[in-house]
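Below, each structure is written out as structure tokens.
In the two assemblies presented below, subunit A is common to both, partnered first by subunit B and then by subunit C.
And then the complex of A and B:
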């Protein structure tokens, strides 16, 4: 078990090192998300009350749609020779899946924080229940990271992978979107958000189990 | 050497499908008009069976996917893929007919109702399933990857079905299968609706049977072509003919 953990951390470190060299998420995806937040008021109008009302929902839609691009990055990187090398090195498929999920989720946390700061500034979003907000941000990052890693493993750098991963991820991420938006709404209105937190935890667990169980067969099919 | 693939031209699926559709259409036309909706209710005799087929088709896709993962037999992969293809078509039909019915009834083509929105999402999940299959060329890899997605995607069906129970929605709750008996009072209406469901199920079986046969032929052709002798590299290049043409001209 410690072997798998060590391998998973090594894969995560490799992915994060690659991101540090290229800066794809930091210099491309994050600015792209912030630009999306800037464009919406130009399309729907700059009425401050309207923007204040739609801001939180819009933030999560941007996280979902643009966050998928963080997962696509992994699909594009995992070429045939790299996968063969990992298999020849004896890397456990579960460790590869876990490592890539950890790296993608970590990058998604960064994405959510930076884009979140922009959303708070542009849309004047109230930050109520910061402790719960941190939990929601982490759960969305974990869920979206797991889903994006699973989808990119299924697509595996096939033809049109860059378009196919978002098509697979976006509809299946609806429970995460609902959980996140309803949690923020609940915090604003002083309602309990435990049921939504529980929903997101279940989604993360189910996706994690599917990812772990399918990682072996998916590696064999490459 | 030519590729020869056995083709079984079975007609019974078409005969069965056409017969069932004729019976169902006749019943839907002779059933009475609704007291409130009038003749608009007749759209329901196609909309409800189409929605039922979506559930059936995607459940069969799940069964085929599990069957493939357990046995690695390609017939299960073909069943899952064929069923998903037919299911996507009927889900689209159910959404389209619901929109046509919704405009005169609710006053809008689309409303952000839980059932409608989740059905549209389910449609796109299976469009993604089909896109994944088209993007993967190797038959074994395609079968394995789409089987995993086929298992994962099934989570949509209970959410779509129970959405009218879990959320307060504009879409009406189940009309036939409900704890306190069918909400429809007229027996002819119930018979017409059930006949529609049976007819569409027969059409589904016919389409899936034919699509599976087509998929089998496609796989056989691909496998056959892979074993054919091909021209070696450079064979197309021939030396120029430098011999003098008749008449002496070069």
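And then the complex of A and C:
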């Protein structure tokens, strides 16, 4: 196994083990995501037709907002000495970025599944084209995971950078939100969703390339 | 390692952050097989100097080389696995067990997993391997960090307060680690307030006063 791949898997395993012990995603973020979905009908009314229409869009908005939170919080809890010790193990910044992205994306898949079950129950969402739905869920998890890891690297890079995160995340998340909602809509109406899938793949690739290229300079600017 | 190349070579090294000068015209040469004790009051710049030697902070002026590599270039990344740093603040992940912490380090460094249990035994932590680092005492966490350094052979050891929170056995362990590194032609820089103990381990001692090396 190549050095970077081995290191990336080590980082992913470490992050997932830390999360498993803390349980923040499982016991805090996921329940809050479900509660957010539950609160919307209280605000807009319980008319079943309206909820059925807006449900998929609301689900993806919740996934995007909470998803970025999952990723950004993951990096915020690493202390300076921990980062220094990891760097002196010879940990490649690209491996750190890749490993964190794998861990965050895995957590997001879990988040999407649990919150998705709640969304289907609350909003009576039709599950058409399950195979394509799986692809959309995985692409959103990969895109958001990459975006959140990139944002958290910028936050960790230094003073004042945290203020830039919403400005960075919001525009880059729009293509993912658009791709996800339009894909679900397309599946419901029997339209081809290939162009939306392609859009999401391009977003994931672009974010991945930006993350890999910037990982070294961002680590060194701390 | 080329025998003629100093492990540490600093000439006129300075570090300025904003308008604050942290280090000024620091000259320090540490040859292979040498240990240097570094003393100084709080805020004198000792930890910053260690960070520069550990390639974690880039100096703003002067010539800085470790193992012949210029620390202002990106070549310094390749040096990192050859440098061991144990700071006074534990750097373990508190949620992970001691074994998991060391297994992570072993995997990143490409060291065989079996070595983890060996070094845990060497530092007297075999019985606590499954305890989470956050539930261990400060002294146990420091032992685990020294165990991490025992897994590989470093060419430069940077130890910040090497005797802090350690009992007699652990101090022997640290001294053994330093001796092993020096015996292989490596070098060590030991930052401490405990002058007597460090003076016994070091070939010479220097003092930092408000960012200036005396």
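The rule is simple: the second predicted complex is superposed on the first by the 209 of 222 C-alpha atoms of A that agree within 3 Å, B and C clash if a C-alpha of one lies under 4 Å from a C-alpha of the other, contacts with A are read in each partner's own complex, and residues count from 1 in each chain.
Simple rule for what comes next: a contact is a pair of C-beta atoms (placed from the backbone, for glycine too) under 8 Å apart; a residue touches a chain by one contact, two chains touch by 3 or more.
Keep in mind the model is a prediction, meaning the values are calculated, not measured.
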Inset, instruction - Could you look at A:210 and tell me whether it touches subunit B, subunit C, both or neither (first, second, both, neither)? - result: first
Inset, instruction - Give one of first, second, both or neither to describe whether A:52 is in contact with subunit B, with subunit C, with both, or with none. - result: neither
Inset, instruction - Could you say whether A:191 touches subunit B, subunit C, both of them, or neither, answering first, second, both or neither? - result: neither
Inset, instruction - Could you look at A:218 and tell me whether it touches subunit B, subunit C, both or neither (first, second, both, neither)? - result: first
Inset, instruction - Answer with first, second, both or neither: which of subunit B and subunit C does A:171 touch in the superposed model? - result: first
Legend entry - subunit B versus subunit C as contact partner of A:155, first or second or both or neither: first
Inset, instruction - Name the residues of subunit A shared by its contacts with subunit B and its contacts with subunit C. - result: 220
Legend entry - Complex interface listing, subunit A residues touching subunit B: 150, 154-156, 158-161, 164, 167-168, 170-172, 174, 206, 210, 214, 217-218, 220-222
Inset, instruction - Spell out the part of subunit B that touches subunit A in their complex, as residue ranges. - result: 69, 118, 121-122, 124-125, 127-128, 131-132, 135-138, 140-141, 144-145, 148-149, 151-153, 155-156
Inset, instruction - Note which residues of subunit C are touching subunit A in the complex, please. - result: 51, 54-56, 58, 74, 77, 80-81, 83-85, 87, 89-93, 95-96, 100, 104-105, 107-110, 132, 145, 148
Inset, instruction - Could you pull out which subunit A residues touch subunit C in their complex? - result: 3, 6-7, 9-11, 13-14, 17-18, 21-22, 79, 81-82, 84-91, 216, 220
